[in-house]
Every structure is written in structure tokens, then in C-alpha cells.
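Just dropping this structure here.
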Amino acid sequence: MSVKEAQANWEPKILVFACNWCTYAGADLAGLSRLQYPPNVRVLRVPCSGRVNPQFVIRAFQRGIDGVLVAGCHPGDCHYVTGNYFTRRRYLLMQRLLQYVGVDPERFQARWISGSEGPKFQQVVKEITEQIRAMGPNRKLRDAQ
Amino acid sequence: MSDKVKKMQEIAREILEKGEAKVVIGWEKGTHWYLSPPAFIDKPEEVERLVWDDFCHNNLSKYLKDYVNHEGKVAIFVKGCDSRAFNRLLQDKQIERDKVILIGIPCHGLKDQDKAKELGENADIPKAKKCVECRYPNPLVYDYFIGEEKALDEVAAASEARDFSDVEAIETLSPDEKYEFWNKQYERCLRCYACRNVCPACSCRECIFDQTRVGWIGKANNASENQFFALTRAMHVAGLCIECGECERVCPMNIPIMLLNKKLIKDINLLFGPYDAGVDVDGKLPLGHFDKNDPEEFM
Amino acid sequence: MKYAYYPGCSLSSTGIEYDMSTRKVAKALGVELWEIPEWNCCGASSAHLTDHLLALALPARNLAIAEEQGLDMAIPCAACYVRTKATEVEVKSSEEMQKTISEVIERKYTGQSRARALLDVFVNDVGLDSINALVHKPLKGLKVVSYYGCLLVRPPKYGFDDPEDPQSMDKLVEALGATPVDWAFKTECCSGAHAIAKSEVGLPMIEKILAAAKESGADCIATACPLCMCNLDMRQGQAGSKFGRSYNLPVFYFTELMGIALGIKPEELGVNKHFVDASGIIKKLNEAEGRRETA
Amino acid sequence: MKRVGVFICHCGSNIAGAVDCEKVAENAKSFPGVAFSTDYKYMCSEPGQELIKKAIKDHKLDRIVVASCSPRMHEPTFRRCLESGGLNAYLLEMANIREHCSWVHPDDKEKATWKATELVRMAVAKVLKNEPLQRSTIPITKRALVIGGGIAGIQAALDIANAGHIVDIVEKEPSIGGKMAQIDKTFPTLDCSACILTPKMVEAANHPNINLITYSEIENVEGYVGNFDVTIRKKARSVDMTLCTGCGTCMQKCPTKVPSEFEMLMTDRRAIYTPFPQAIPNKPVIDRKNCRYFTTGKCRVCEKICPTKAVDYTQEDELVTQRYGAIVVATGFDLFDHSVYGEYGYGKYKDVITGLHFERLINASGPTMGKIKRPSDGKVPKDVVFIKCVGSRDEAKGKAYCSKTCCMYTAKHATLVREKIKDSNVYVFYMDVRTPGKGYDEFYTRTTDQFGAKYIRGRVSKIYEKGDKLIVRGEDTLLGRPVEVEADMVVLATAMVAQPDAAKLAQMVGFSYDQDNFYTEAHPKLAPVETHTAGVFLAGACQGPKDIPESVAQASAAAAKACGLLSKEEMPTEPIVSCVNEAICAGCGMCVPVCPYKALDLKVIQERAHGKTITRKVATVNSGLCQGCGACTVACRSAALNLKHFTNEQILAEVDALCL
């Protein structure tokens, strides 16, 4: 495959860190309701959004992910009572820090998606995929290949 | 010899003679006139090595970690920033308050070592950047105090308001410009970890950057791995950085590390309310608690 | 103590005695009032019924001038105060609004200069103790009901005092030596402009306030708003005759009562400009003082 | 060498319709560590599971990846399958290629197959780092604690006790009974509150399985489900319970009068007192803040007069620690303080009272012997105004929520006024009338139609005194005009709010509460009496405004949950918990405050370093308390904390595998 061809065939890869109790269930509901969305997202199941270490996010960018979404229960609904409040604090900072070093804001996002919000899951991943497709492959923070 | 230096030596001598502490950590004159490295004095007759001048930059509190398992007390001199560092380590339970004798010394603001080297001894050497921006020139905690209590107010009045203009300058760049700026900085990083070693907010026994077993970071010294290091280090000191600027001073490649730290400080203050690390020992850490009414941007 | 002084339109016409007494009293208390040069109308009700931005921009210009001088604004009129405060609060709460307004008025206003009610300035900045210390002629035996009107302490988020049961004017008249009388109509509506346009609505509202003041046993009413003054003083006869009653209740601006207590001549305060004759009260106060002096 | 088996399920055509399952199975063969890979029509079916078990044996597989539906669906099924195939259940990973793939990408088989392959690759990468985990069990202490001795607490205790378990009721007041004891009649039947409550109080007191611990508060709670160690502060009663016969002589002779809290301060009690005549236990306590002896050092009248010498001024607070298997929290509610409402007079008008005052006024054992007399001058009021939603549904000054019970008790009050004072007029200002519940709307209809209470839809803007009348001014929004009522008495239906110390108790026991300090149930629909903390259950109004029938129903539900727990000897624990690498842990303690379950703590360890024995602090995880959220692992900068089954290494491996 030529370089040009590789570029033409490029498909964005988006990693979703989803908490088991809300967002993962929301993604299941999207499936159950047959809500279609682009096949570019990969859901990585964690118990709680509070489990998502910012280092995982940077690692994903290093390894060539084009976009990362961290998603969990809405504030107040955390299965583990308070986990997502810590997620919120941590990623409010992380988001700003990533933008400060030049990562485009679309590349890293955080959302609250509950177990009943299948349509929201569909809509969010659709939006992110479209945004990232328009931007092209991510080169920032990336390992030299 | 200034009165302050005399007083310093006097207190140090007294402490050593009475056996209140086994060692006194202060500063002494180094190889060059613009260097005042740390001095570790354990004999009363050596107290004359101690100095206090425009170049006593080293934040001494971090050295206390080396004495945790020593018997007896350690005495150290603390400037405003050293005292915040002390509080920080106390907060992280890395040291014990009653094993340390603190000798507070209000700081008038130190001079820029690099400029000093460049301009020569007789020039008018500007203050170090961290000192221009310093808002805590006075030691926050001490057992002995050098100088007049009145000096506290005078020095405090001299401190200037917090300045984030350098951070703001970067914030206004486009994403690509920002990336280019930081990429250039971190391409140079040697990953010597001097910034980490000197940092009073870094108190881990084994840093994740040394954990090759888990493989948090690759061995390759390239911009990608270096930025993983830079961003992770910044997140790890978020809410803990006491703005002593030691990381930046010790960086052999002159990477503006404080620009990352200050960005986080700025955002913490903006998002979660005013907070200065190392001031209130019993207070909650910004990332150690939350408020149900924190800003909501993830809906 | 220095403030940018914003008299507003009423204080140069129907409420002139409010202006006269304010200036005299401020001088006596050592408060410097710097009248905002070329001040403009606060917009009153007309502006905020027309356009929200206009209503915010009008007072913003006055605030901007005060801010250039690094001064807070002292505002006697309750309506001017509320309009100006509204601007200050909105500018403070939204950077975007601050930008928009600064663009409209072509001056910079950042919310630094605060809108302050004159009553608030006297009670909380000058302080009751300092005022009390300067009282020459205590208003001994004078029973006063304090009438704050509907605007001065509302909405609650602007207020410097309790919105349902304000106390500052009561405490002030007490500091002047008078007896504050508690009543339930402190923040009742005086009917505003209804008394002019729809007297069948307005006059009963005025009448209720006057009746309650009379029933409380007060000798007079103290107020902090030129429109309230108009309704309670100028229309007292009209309201009374409509219901076949005569109240004869003098109404004072609180600044006038302060002036009298500080020993300033009533004429210099404009007390002789009232519709309901206040000379009886002045006379009684003088007599009482005469007795005290001879005793 | 690890040997992974990969099993791709077709789920009939559910997966196979959109994903080329054979190709995925084929692709998986090349992934590192994969020793066997196949596909099958229904992996969860009996033959499917047999296929897995056989492959484990034939191919010596030691880890399994099943690519099928959501793990939320069949993870337990396949874990059991692994166990019966001889593998540890936690050596399973699942790739969700149905809900997350075939069902959402039905039209692009190529891309769906690509995605399914990647999901399997992630699962393989993760499973290579899985460790076998062992479920352990914890013993269960067969004793329950009920906090709060109101109707909910009493009911819960009786139900648990009748099931054969020992129950302790801890009540902070000198008597059990709670708010229900103050109420006169109950809606919609108008039967007497005391007549239905007091027998239950007596039953609780006499029950061989129930211990009443009154005048006591919870001091500290440690431990976890099955094993809560609770420290209870028994406040000094100054009366020896074993000697006192409850004769009441002391209460007659005590010279100090104190406004009675039970009577809403409308009459006096003594400094040595029982809150009300039917109190249980019916033995007095000395209110030391007001007692003449304790304040001045002189008096001792009660001591002299007591025939059994039960009065003991030297008693001190006693702390006792007891272990419980389950806790039912039934701490009830408090009433909103209406003094924030300036328009209703900031609480300074004597004849503006609350509904609970009114209950005492109409109660035959109350301060007026059940005759409705207004507090200011004892006159019988003719015109009575009721205002509903005082503090409820008012975000500006009160609470955003509806207090649920006020519509009904106001209707009850209106009926009772009309019944007792024949020539009275009753006006009720309301926003809405909400009467869902058996017989409730019928009751309300009778109040208006039969008893002639006048309901006015609108808010009251002002109350002020005029002579001996209260002028109530408001708006009738149905007529669109102002109304003014000259009233003799105004009764405010004040909101039900959480107890002032509700948050403190929740923090102590370790469960969550909402912005109004009401306790949060684990799930609003499916777990309404559980908390997020295993072994702690909720009953009554501490969870949110409730009337008596609801509180009782919830109490029985909580009791059933507690009994379910106590009926077992031991319970299994989930092994997905955090663990500490003590060699790395610096003991900074940053993990401690982020744990919602108080599972983390610091402990001191000894070790040898440089030829000396030194001590240092390290974090420790209580695996009984840990629920496996992993928040601590992120708070730990040196990664000394790790979450089993979701380790840093596993997640990094997944990320890396995805990016290949």
C-alpha cells in the first residue's frame, strides 16, 4: 500500500474509557436499541471513571489513537458514590493541560452518559468521530513510527 | 558579615552545642560568588561556614527526607518557600514535625544565578523570576526566627501580586504553535529527573518513571516519551507545587518547567477556588477532595 | 471618606430637599461627595421596560466615571440605586456582559466601582456610633416609623438589609435619639406612579400605609425615596379626603432627620418645602430641648 | 507459556449477520499467546459451554476469551463455565461484539469484522495479564442495630426481632416514639396516633430480642457488612435505671421548669423528666443544662424525694462497643424553620404556628387538653388560615422538593378545626393539592365538600398583626385577584427536612446523602431501602419525606433485607479489590480521602534498612470494605495501589493492543 493509499484509507480510531455501571450500560442499550454509529470507537471497560488514570490517556495518544473519550455516570449517580466527582476534578485540569501543550480540544473529551442514555452514547460517539475524521490523524504526542 | 549571618551562626552553634540537633542544614559559599549551595554542619566549630546572601536558592526541606530514619533532630533554615516545602512534606507524612528544628529567615528575594554569571559581580543583577512573583517571602512555620518580627511585614509588603502573564501568553497561541513550543522544549529533555529529585511535592518511594516492570514510560529518549514524562509529572504535582522553582533552576537544559506547574496552579485556582499548596497543613488537597458544585463541563 | 455622588433627576426637582439635606449632612459627617460630572439619567422604569441592555448601559456610564476616579457611588434615590446596582451585579457576574456594556458606553466599567445606597453608606460606612457622637439635638421623644419602600432592599440579592423586615433606618433614627416604632408596612408598595395615572388604584395603597403609620402611634414617617415622599407627603391630603380622614403625618427624608439632629437649620435642609407641615414637630423638638437646657 | 483460547459466538445471526465470525476466529489465531481459536453458533448454550470445557482440556488452555454479547449479560455464565472446566473464573475476558459491534454496525460487514477483531485483540492482551482470584467469605454477626426509635425504627426492630435475631434500638431522646408520638390523629382514617403507636412501643420494650438503648447516640462506626463495630454513647441519665420504678414523684417535686420540647415549648416540663406520660422507658432523665443542682450546686430535691434512691448525680456518659451484622438507619426528619420567611413574620407572631404545634393543640393530652386555643391569649380561634408549602417547593428560601405529607395533614387539620369549632372558618392557601394514596383524595374531597374548608389557590405574600387579628394577604390565582383574610391563627405546613446531624451520621457510618442531606438509596427503583454500603439499610423519612404508612412499609422492607443478611452464616466477597505494594508505598495517605468506603487506612510496618530496624507507614486496604472502584489507584502517584482484575498493566496492555 502506498503512503497516499494509506492516507486515503485512514480511519480514525477512538478509544472510549467507559465505566461499567453507566456508560458501558448506555453503550449496551444503544446496541439493544440498534442505534447505529460509526465503527471507529472501541470501548474499554473500567469499573468507574475514577479508575481512568490520565497516564492511560497520554499513553493512548502516544500509541496512535486519534481521539479519547472518558465517560462515566452523571454527578450524583456514581455507583461508587463519589468516584466521578474526582474524575471531574482531575479531567477538568487534564483537559486544560492537554490543550495547553497543543492537543486539539476535540481529541480529548469527557462526558457523562448514564445507563439509560443509549441515544446519547450514539450521538456523542458520532459527533466525536465526525470531528476527528475532519481533523485527520493525530500526530501530537505520538511515538515516532 | 551581616547581623543576620551572625545570628544564623549563633543559633546554629547553640543548637549543636546543646545537642538539640545532630546536624544543621543551611547554605555556604560555593565555588563561585554566585553560588550558595547547601551546607550540612554537625560540629559547632564549623558554623562559620554558614552564609545568607542573594544566592541561597536551594530549597533545603527536601533534604529532610534523607534524615527520616536518623536518631535525634535535624535543624534547618527555611525561607518562605522552604517552609511551604516543609509543610508539603509534612502533609505527605514524609517527615515528622517534632524531629525538626526550623530556623525561619524572611527572604528579601534572591538573584538570578544565570544572569549573575553573565553580568559579573559588580553589575546590577535582577531578581530570580520565582522571587519576583513570590507571595510568601516569610517562613510560615519556624521555631527560631532570624531578624525582627517587624521584618515580616516589610518583606510581605514587598511581595508582588500573582502574575500569570507568562502562562497566558502561551494560552493565546494556536494549538499547533503551542505544540511546537512544547515539542521544542521537550525534545531537549535528557530525562535526568533532576527536576523530580529536587521537588518537595515529589515524595514517592519509587517513582513510576523508574518502574520499568510496569512499563509506564519507554526507555527511548524522544519527544513523545519525554512529553509523557512532562505531562505526568505536571499532573502528579498538581495541587502540590509550592512554586519554589527549584525544578526549573536545576534543569540542565533550561526547560521552562514552571510554565506547566503554573498552568495547573492557575486552573486549580480558577476551577476550584483559591488554593496555595504548603500553606495549610491540615487542609484538603485540591485533588484529594471535591465539591459537588465544581464546574460542570462534561454534560 | 469619599464617594462619587449621584443625585439623579428627582433630587433636582420634586426631591430637592433630599439633595439639600444629603449635602449638608454629608459635610457635617465629614463625608466627601464628588458629584459625577455630566451624570445621566439612570433610566428608571422606562429603560428597563424598553430594552434590557439599554437599562444596564445607562447607569453603567455613571459607574464608569466613578470607577475612573476609583470611587464607589453613593445614591440617595432608591430607584436610581436599584437600577445602578443591577448594572453592577450583571457586569460582575458575566465577562461577556462587561464587554458588551463597555462597548456600548465606550468606556471601561469592570464592576470595581460599587453602587451604594446613601442609607447604607451612612449606617454601615460612617457608622451609627460616629453619627450618634455628632448629634447636637437628639430627637428625644419623637416616634418615627421607618418606611423603606419596595425598592431599597430588594431584590434580596442586591440588598444591604433584610428584604422583609429591614432595620438600618430604624437603627439610624434610634442613633439620632428618636424612638423607632415597629410596624408591618416598612416595605409596602406606595403605588409608585399609579397615584398619578390610576388614582383609584394608587390612593387606596397610599391610604393603607398612612393608616398603618397612624395606628402605630408614630409622630412622623422617615423615607429614603423621592417617589415615596411624593406619594406620602404631597398626596396625603388627597388620600385622606378620599376616605374622609385627616392624618397630619409629616414625612421626612431620613437625611432631614439626621440634619435636624446634627443641629442644622431646618430651612437649610428644605424641611419647609414639605406639603404636610412639619413645623409643629420641629417646634416640639425645640421646646423639649429648651426644657432640657433650662433644667 | 500462557495459552489463550478464543471463542467467537455467532449468537445465531445476531452477531454473524454483521460480523464475519469465522474470519475473526481465524485472525485471532495470530495474536500473541493464542493457542486455540474457534467460532460457534451459540456459545452460551449447553453445547457451546461444553465446547469451551473440552477445548480447555484438549488444548491445555489456561485463559479464555469469549467474544459474544455484553459481559453485563453473560460474564457470570462463562465464569461458571471456566470453573467447571477447571480454570479460575477470573481468567476469563469477554469481547463485546454484539451490543458494541454487530447490532450497531449492521450495514458494513468489513468494518464490523475489523472492529470485532480489534475488540478480541484487546481482550486477548488483557487476559494474558489476568491473575486467578479467590473469592473469600466473611462471617456475619447475627445482631442488628436500628438507629432511631420512631415508628420506622420500632417497626424494623420488631420485624427483625420476630425473625429471631437480636436487635438493639439506639434512640437519642429519653423515650422511643419519635414524631408520631406527638401527632394527634392520622389521616385518612382519623384514628388516634397514640392508640396505634403505643402498643408497638410496648411490644418493642417487652420483646425478648429487642434492647432499647435510649438517651444514646452513635459515636463511631467501623468495620463492614456483617461486622460493624459500633460505639454507642450512653448519655448520663443521672437516674439509675435498675432502681427507678418510674413512680414520677421526682418530676412533681422538681423546682425547675423548662419549656417542653415535646409540647413544642407551649408548656413546661421539669428538669428531671420524661418527655411525655406514655414514654418508654417510663423512667426520667435529668436535663443537666437546666437542672438547679447541676447549674448552681444546690437543690438535690429529687435525690431526697426518690423512694428507691435511684437518682445519681455522679453518673457519667458511658461508651459501649458492640458488633452488628446489619444496620437499619431510621433517624427520621426535622421540621423546616420558617423563621426565614419574613413575609410570615420571621417566627415572631405568636399565633403563626406550625402543623406540629397544631397537633399538640388538638391533642387531648396536649397543653390545652385538646381544646384549640391560640397561643397568644388562649382565645378559641374562629378564623384559621392554613398555608401549605412553607419551605417546600421553594428554591429561593426553602427546599426544592415536595414534602409529600403536608397536603394530607393540612386537610386533616382543616377537618378537625371545622369539627371542633362549629362556627369557624377555615382557609387553606395552596399551590397544588397532591393526594395520591389509598383513600387520600376522598378525604380531601370531604374536607372541602363536607367540612367546608375554603381552599384558595395562591401564595400568601404577607402576614401582619392588626389589633388581635392577623391580616393574611395573598392572591387567589384562580380568580386573579388579591385576597385578604382576617385570621385569629395561622398554621404553616412547614417542610420536612433532614435531621440537623444527618450528614454527620452518614459520614460516620459511611453512606451517601443528597444535597438536602436526605440519605441516598442504592437505586431509586430496584434498591430503595439499601444504601451503597453493603449491610446498611434505610427506613422512614431519613431517606426523604414520607407519611406513616410509607415509613412502616419501608421499615419492614429494610427489616426483610437485614434478615436476609443475618440468616446466613457467612457471605462471599468479590475479589476485585485494591491491593497495596508495600515496597513502593510511601505512606503519603493521598489515597485515604478519595475512598468512599473508608476501606483505606495507613498502618505502621517494620522493616530492615541499612542494618537497622525501622518503622514506616504504608497504606492498607480493608478488602471487606473495598468495592473495587479503583479511585485510589489514580490518587496513588507511584502506582503502589493497584486494582485487581483491572490493573494498570492490564489496561495499558489493552490500550497498546488497540493501537497496533
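Letters A, B, C and D name the chains as they come in the text, with residue numbers starting at 1 for each one.
Heads up, the rule we're going with is that a contact is a pair of C-beta atoms (placed from the backbone, for glycine too) under 8 Å apart; a residue touches a chain by one contact, two chains touch by 3 or more.
These numbers were taken from a predicted model, which means no experiment stands behind them.
Enquirer: Between chain pairs A-D and B-D, which one is joined by a greater number of C-beta pairs in contact?
Expert: A-D
Enquirer: Using CA atoms only, can you tell me which chain is the most central one in this structure?
Expert: D
Enquirer: How many angstrom lie between the centres of chain A and chain B, each centre taken as the mean Cα position?
Expert: Distance between chain centres, rounded to whole Å: 36 Å.
Enquirer: Report the inter-chain centroid distance for chain B and chain C in whole angstrom, where each centroid is the mean of the CA atoms.
Expert: 56
Enquirer: Report the inter-centroid distance (CA atoms only) between chain B and chain D in whole Å.
Expert: About 46 Å, centre to centre.
Enquirer: List, in ascending order, every residue of chain D touching at least 2 other chains.
Expert: 594, 635, 648, 652
Enquirer: Hey, what residues on chain A touch two or more of the other chains?
Expert: Answer for chain A, listing residues that touch two or more other chains: 54, 59, 76, 82, 86, 90.
Enquirer: What are the residue numbers in chain C that touch two or more other chains?
Expert: none
Enquirer: Please list, in label order, each pair of chains that touches.
Expert: Chain pairs that touch: A-B, A-D, B-D, C-D.
Enquirer: Mind listing the chain D positions that touch chain A in their complex?
Expert: Residues of chain D touching chain A: 70-73, 96, 98-101, 103-108, 111-112, 114-115, 118-119, 122, 511-512, 514, 532, 576, 594, 596, 627-631, 633-635, 643, 646, 648, 651-652, 654-656, 658-659.
Enquirer: Under the touch definition given earlier, write down the residues of chain A that touch chain D in their complex.
Expert: Residues 11, 13, 15, 20, 24-25, 27-28, 30-32, 34-37, 39-40, 42-48, 50-54, 56, 59-60, 63-65, 76, 79-83, 86, 90, 122.
Enquirer: Report the residues of chain C in contact with chain D in the complex, numbered from low to high.
Expert: Interface residues on the chain C side: 156, 162-165, 184-185, 215.
Enquirer: Inside the complex, what are the residues of chain D that reach chain C?
Expert: 341-343, 346, 396, 462, 464-466
Enquirer: Give the list of chain B residues in touch with chain A in this complex.
Expert: Going through chain B, the ones touching chain A are 170-171, 175-183, 208, 216, 218, 222, 224-225, 227-228, 230-232, 234-235, 238, 260, 263-264, 267-268, 271-272, 286-287, 290-292, 294-299.
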